[in-house]
Amino acid sequence: MFFASDNSGPVHPRIMEALVRANTGYAMPYGEETLMEQVRARVRDVFEAPKAAVYLVATGTAANSLILATLGKPWQTTFCTPVAHIHQDECNAPEFFSGGAKLTLVGGSGNGCMQPDALQAAIASEENRGVHGPQRGPLSITQMTERGTIYPLDQIAALTEIARFHNLPVHMDGARFTNALVALGCTPAEMTWKAGIDAVSLGGTKNGLLGVEAVIFFNPEHAWEFELRRKRGAHLFSKHRYLAAQMSAYLQDDLWLELARSANRAAARMVHGLKSVPKVTFDHAPEANMLFPRFSRRLHQHLHEKGAIYHLWDGTLDGGEPAENLTGRLVCDWSVKDADIDRFIKAAKT
Amino acid sequence: MFFASDNSGPVHPRIMEALVRANTGYAMPYGEETLMEQVRARVRDVFEAPKAAVYLVATGTAANSLILATLGKPWQTTFCTPVAHIHQDECNAPEFFSGGAKLTLVGGSGNGCMQPDALQAAIASEENRGVHGPQRGPLSITQMTERGTIYPLDQIAALTEIARFHNLPVHMDGARFTNALVALGCTPAEMTWKAGIDAVSLGGTKNGLLGVEAVIFFNPEHAWEFELRRKRGAHLFSKHRYLAAQMSAYLQDDLWLELARSANRAAARMVHGLKSVPKVTFDHAPEANMLFPRFSRRLHQHLHEKGAIYHLWDGTLDGGEPAENLTGRLVCDWSVKDADIDRFIKAAKT
Amino acid sequence: MFFASDNSGPVHPRIMEALVRANTGYAMPYGEETLMEQVRARVRDVFEAPKAAVYLVATGTAANSLILATLGKPWQTTFCTPVAHIHQDECNAPEFFSGGAKLTLVGGSGNGCMQPDALQAAIASEENRGVHGPQRGPLSITQMTERGTIYPLDQIAALTEIARFHNLPVHMDGARFTNALVALGCTPAEMTWKAGIDAVSLGGTKNGLLGVEAVIFFNPEHAWEFELRRKRGAHLFSKHRYLAAQMSAYLQDDLWLELARSANRAAARMVHGLKSVPKVTFDHAPEANMLFPRFSRRLHQHLHEKGAIYHLWDGTLDGGEPAENLTGRLVCDWSVKDADIDRFIKAAKT
Amino acid sequence: MFFASDNSGPVHPRIMEALVRANTGYAMPYGEETLMEQVRARVRDVFEAPKAAVYLVATGTAANSLILATLGKPWQTTFCTPVAHIHQDECNAPEFFSGGAKLTLVGGSGNGCMQPDALQAAIASEENRGVHGPQRGPLSITQMTERGTIYPLDQIAALTEIARFHNLPVHMDGARFTNALVALGCTPAEMTWKAGIDAVSLGGTKNGLLGVEAVIFFNPEHAWEFELRRKRGAHLFSKHRYLAAQMSAYLQDDLWLELARSANRAAARMVHGLKSVPKVTFDHAPEANMLFPRFSRRLHQHLHEKGAIYHLWDGTLDGGEPAENLTGRLVCDWSVKDADIDRFIKAAKT
């Protein structure tokens, strides 16, 4: 009953097979291998973006930080939410890679989504201090968000329109891109460049890979600078074929969509089950593979004793009133078994 | 007949098997998995260093840059040779990770090894400018060197003694550590901390792994800073077990030594063969798995036509006098086949 | 009627005389001149801190950024208010000098002072993410604040006590240190190290100098690192005597106190006058030489037409309802003339 | 008898008078004062560059580092000589401001001037490593050089032509620009943009100012980025008028030329005198206000005992053979008195 994170699950067998398949003889290093050509073509095809620049790195933090450093300048500020991974969980990597750019936290509705009004206000407040204040820089939004919610396409468009008006580039942190994509049922193009996104961190690691994220710039003018930043950041792999092999298999035969659907389905089963447990509420409506149910500390303790593993989002297991309500964060990855979910719900009910 | 680099060869089957073995169910992320405990214990055992801090990253540039940033300060200068990988082949990554530290190039004897006299002189010349000049920082040496040569233990000791006298920490770039180790026939401890080394980049990628380098600090006081730098540099893997699995299998049953011996043996066979080819000379005596033979452009052209792949170290295949002598760089990895070498030599003789 | 800022006024005649006096023959460069010895001794004496390390730089941003870079680490976050100069008005200089450290904005009561509860909460919220979040770093408070308010000594102590509990160093941005000091009527020691401050930017530029700020570390262990950072930041002056001459004259015969008293007195006269103007309110009680009066746009327009120069803090002179109330920011420096204030008040009343 | 450096002399009286003149009432801050408009117009006029962007900073290191950071990229390398101030005497400031760009040392003839052949070779050697090596960046030359020599105009043109061919921008470190200018007898335009220079650090501090250097970009497209970098580097002065006042007076009535001529003349007198002292030689022909005479340690000791102050360039006053020849570095600034020179020569002869 492991629901702690989708970054701790196994790799899908078809990915492992792809690695084994790639392991024959010599291959050109540093992304010049044939496999990477296939990946590039496939990503362009999938995103309906024939000129896109496509790169692979091994961590989401690398994808995010390198993209933001490429899109922005050290004297600018990036607009993101207070719960953005780039703000909370990257130990200042965006500040490091950008050479000291700032992050401006744009308050939202509490569900992890940035509100257009709040973005407008945040941009306006950086407006009239000449060289003194930080200059306005990129907008970065996370789809799906760190709170398990999903931006509707029109909200993405509303945000990017504001950015475009101020001539600011837009990044999408897509660590769980595919979970959002299949939940919305739209195309990759619709969720990105057709909605005004300039660059995407397309996650793979949380969705069945060992550790690969694709970086996509819809405007290839950023390509060479990104390549230099990737190398300088020590994120260019010599045996790059083993990254390409993963991403190639991931996008083959819609495996990526299939895995995200499995994860979302598992989470829906969990939500369904939890709704039948008395006194369980949700901080906000779960939309994909991450949920924030709220119930008593006593029940959290009970579930952990039964072997469930997940994080408490506020408070701690021990100390405090047993009856106090605390929020947990449960994440399902592609490999979660129905039996584990059912066991979890059963335990919650007793 | 692929001798272009040991960074382009395949992964050893036992490594792939280890990956498959590691791919079951959930595992704690970020290096907290059980496998990493085994790796840490094994490295400490192999290096006779029970308190060493041990980390894994995916690229050699990451290992080098993060170690140097941890050992030094932005206002210092790192002493290295003009052919050091950190100077020539990392696109300013050491400068980036250190926040702008300098590299001081210490001239040597032309064989890629730093000479103690030259180090002494270089350190002395940074001596008396107060805050104006860069401050003296870490010493970084490469074993085996980028020219295929190997420091004898007493030369390492002579260099580190000079550094120690000036209170400077010492880093060993061990991208091809194991090739040197088996060539010298000494222990890992003898080649490192017993000879005055403070931190090692222990290469795996060039010797049969997909992409893993171990970082070893013999003094664990650097541990926490390194962990923060690794995270901030986006080099901490969530599914870290797949790095640990590789390193674990690598050190198991002396696989790492076996692979390096294979590579060195292949290179020795190549050297032996080339010595029987008329008019072939060597820029310096080959000592492990990399050689720099010198012969006519005509012969280089001929070998490339026959399917040999390797880099010319100076000059180009086309243009110039056919009879002009040019140096090639040939590298053998663990997977090079005797038949390919013999074919190469045969082609060279005709 | 110039009330736009205390950074635009003239230099006090005794400072100019000191410059002329210092301009004889040769002097040792880079802070090794005799005058700097006097400054150091005088600062130590004034602050009752015989071991303090004392430096001079030419801008407040340099003082703040260099101190914070010395006290913190790139992977940390500095705690400050949302209106802190280091956050709003230094174009990411603290991020630049620190190598990418973050600023965490600690909300307050709206008067520019940080509240201990808010600090406690902000520190706590950076608590349990291991290497993932930024690490807790220095606390930086501004005395007097950017809103013209002054921390009582016990509030400083309450804040530094929290920092101390978490082992965090504390910086005081004292761009208007002296205005606060004379308003509180305490000693420099009481307002700094006796209240738990580790390092101070002691402003001079806004209080009658051409451009000099003193940097004071009460713990001299930071001295050498600061000197290197200052040089590397291009803030070490060769003809340093002309900085020392200013600071020496500033601290001589209590000139610094006298100038701050003049400025505060002028502001008090302005406040007194404005209180007699109907419908004028203050955003918060003015405490030293900066005030934020609120009145109609019509009146702001009228005053500007009469020649008053100051910034509107919200809104603009033109556009909008004439009767709409807007806040202005008025700053008095040492040189403001009573006649100008009286003229201003007279204009406001008509 | 002070010949240690031109950074330790007094300020010219007309500069002090200009400061006093500027010290009346309020002035717009941050370079928006009227005086700066005059400076800008004057610099453009003097350099025959009506579109040049002109800025003031207070230190030569700031001017150099900020210009190089603006002209280059963090993944590039700047080409300079091994004796360049930016390499030897700025404690890694160029690396800091650029975000980690490298300096490639271009060997020369030993007189401090870069040779075109050596530049060509250095650029070529950075040629074919794709993303792996640093990318080629700006060329930086010092006029007059740190060895007291002066580039003839055609040598500047030969160097910039090579840079231009490779599309590299060119910076001139003109800490002693005017000493070279009056020695060559050419126009500022001829020594800069007409010879292919893109940006100049125009020194004032070593030639009679308190501490001001002008930054000139002949191509104004760099202007806004430079302004942001200057602010972010904490080098934008609020009471900027006191910088502008100095530079304004400096360029008025050819004061800058007059001061440089005085300094050069003093040095020529010193050279003339030393040539009459037996066994005195010069490391290279002195060309402006800096000389490197070579004579016995005994004579150096004698001169220091008589009160002469200057640096020994190699060796030390004490220890070693009295008869051993050592090089001294003597610098004359505008204020050196003939009587001091004559006293020095007289002492040397006895």
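In this document, chain identifiers A, B, C and D correspond to the written order of the chains, with residue numbering beginning at 1 in each.
The working rule: a contact is a pair of C-beta atoms (placed from the backbone, for glycine too) under 8 Å apart; a residue touches a chain by one contact, two chains touch by 3 or more.
Since the model is a prediction, treat every value here as computed from it, not as a measurement.
Chemist: Among the chains, which has its CA centre at the largest distance from chain B's?
Modeler: Of all chains, C has its centre farthest from that of chain B.
Chemist: Applying the document's contact definition, name the chain pair with more C-beta pairs in contact, B-C or C-D.
Modeler: Result of the comparison of B-C and C-D: C-D.
Chemist: Taking the mean of the C-alpha atoms as each chain's centre, how many Å separate chain B from chain C?
Modeler: 51
Chemist: On a C-alpha centroid basis, what's the spacing between chain B and chain D, in Å?
Modeler: 41
Chemist: Where the centres are mean C-alpha positions, what is the separation of chain C from chain D, in Å?
Modeler: Measuring from centre to centre gives 34 Å for this pair.
Chemist: Can you list the residues of chain A that touch 2 or more other chains?
Modeler: If we look for residues of chain A contacting two or more partner chains, we find 74-75, 90-92, 96, 99-100, 131-132, 135, 228, 231-232, 236.
Chemist: Any idea which chain C residues touch chain D in the complex?
Modeler: Residues 2, 4-5, 7-11, 16, 19-20, 23-29, 57-62, 65-66, 90-93, 96-97, 205-206, 210-211, 228, 231-239, 242, 309, 335 of chain C touch chain D in their complex.
Chemist: In their shared complex, at which residues does chain D touch chain B?
Modeler: 74-77, 88-92, 95-96, 98-103, 105, 129, 131-135
Chemist: Quick check on the complex: what are the chain C residues that touch chain B?
Modeler: 30, 73-75, 99-100, 130-132, 135, 227-232, 236
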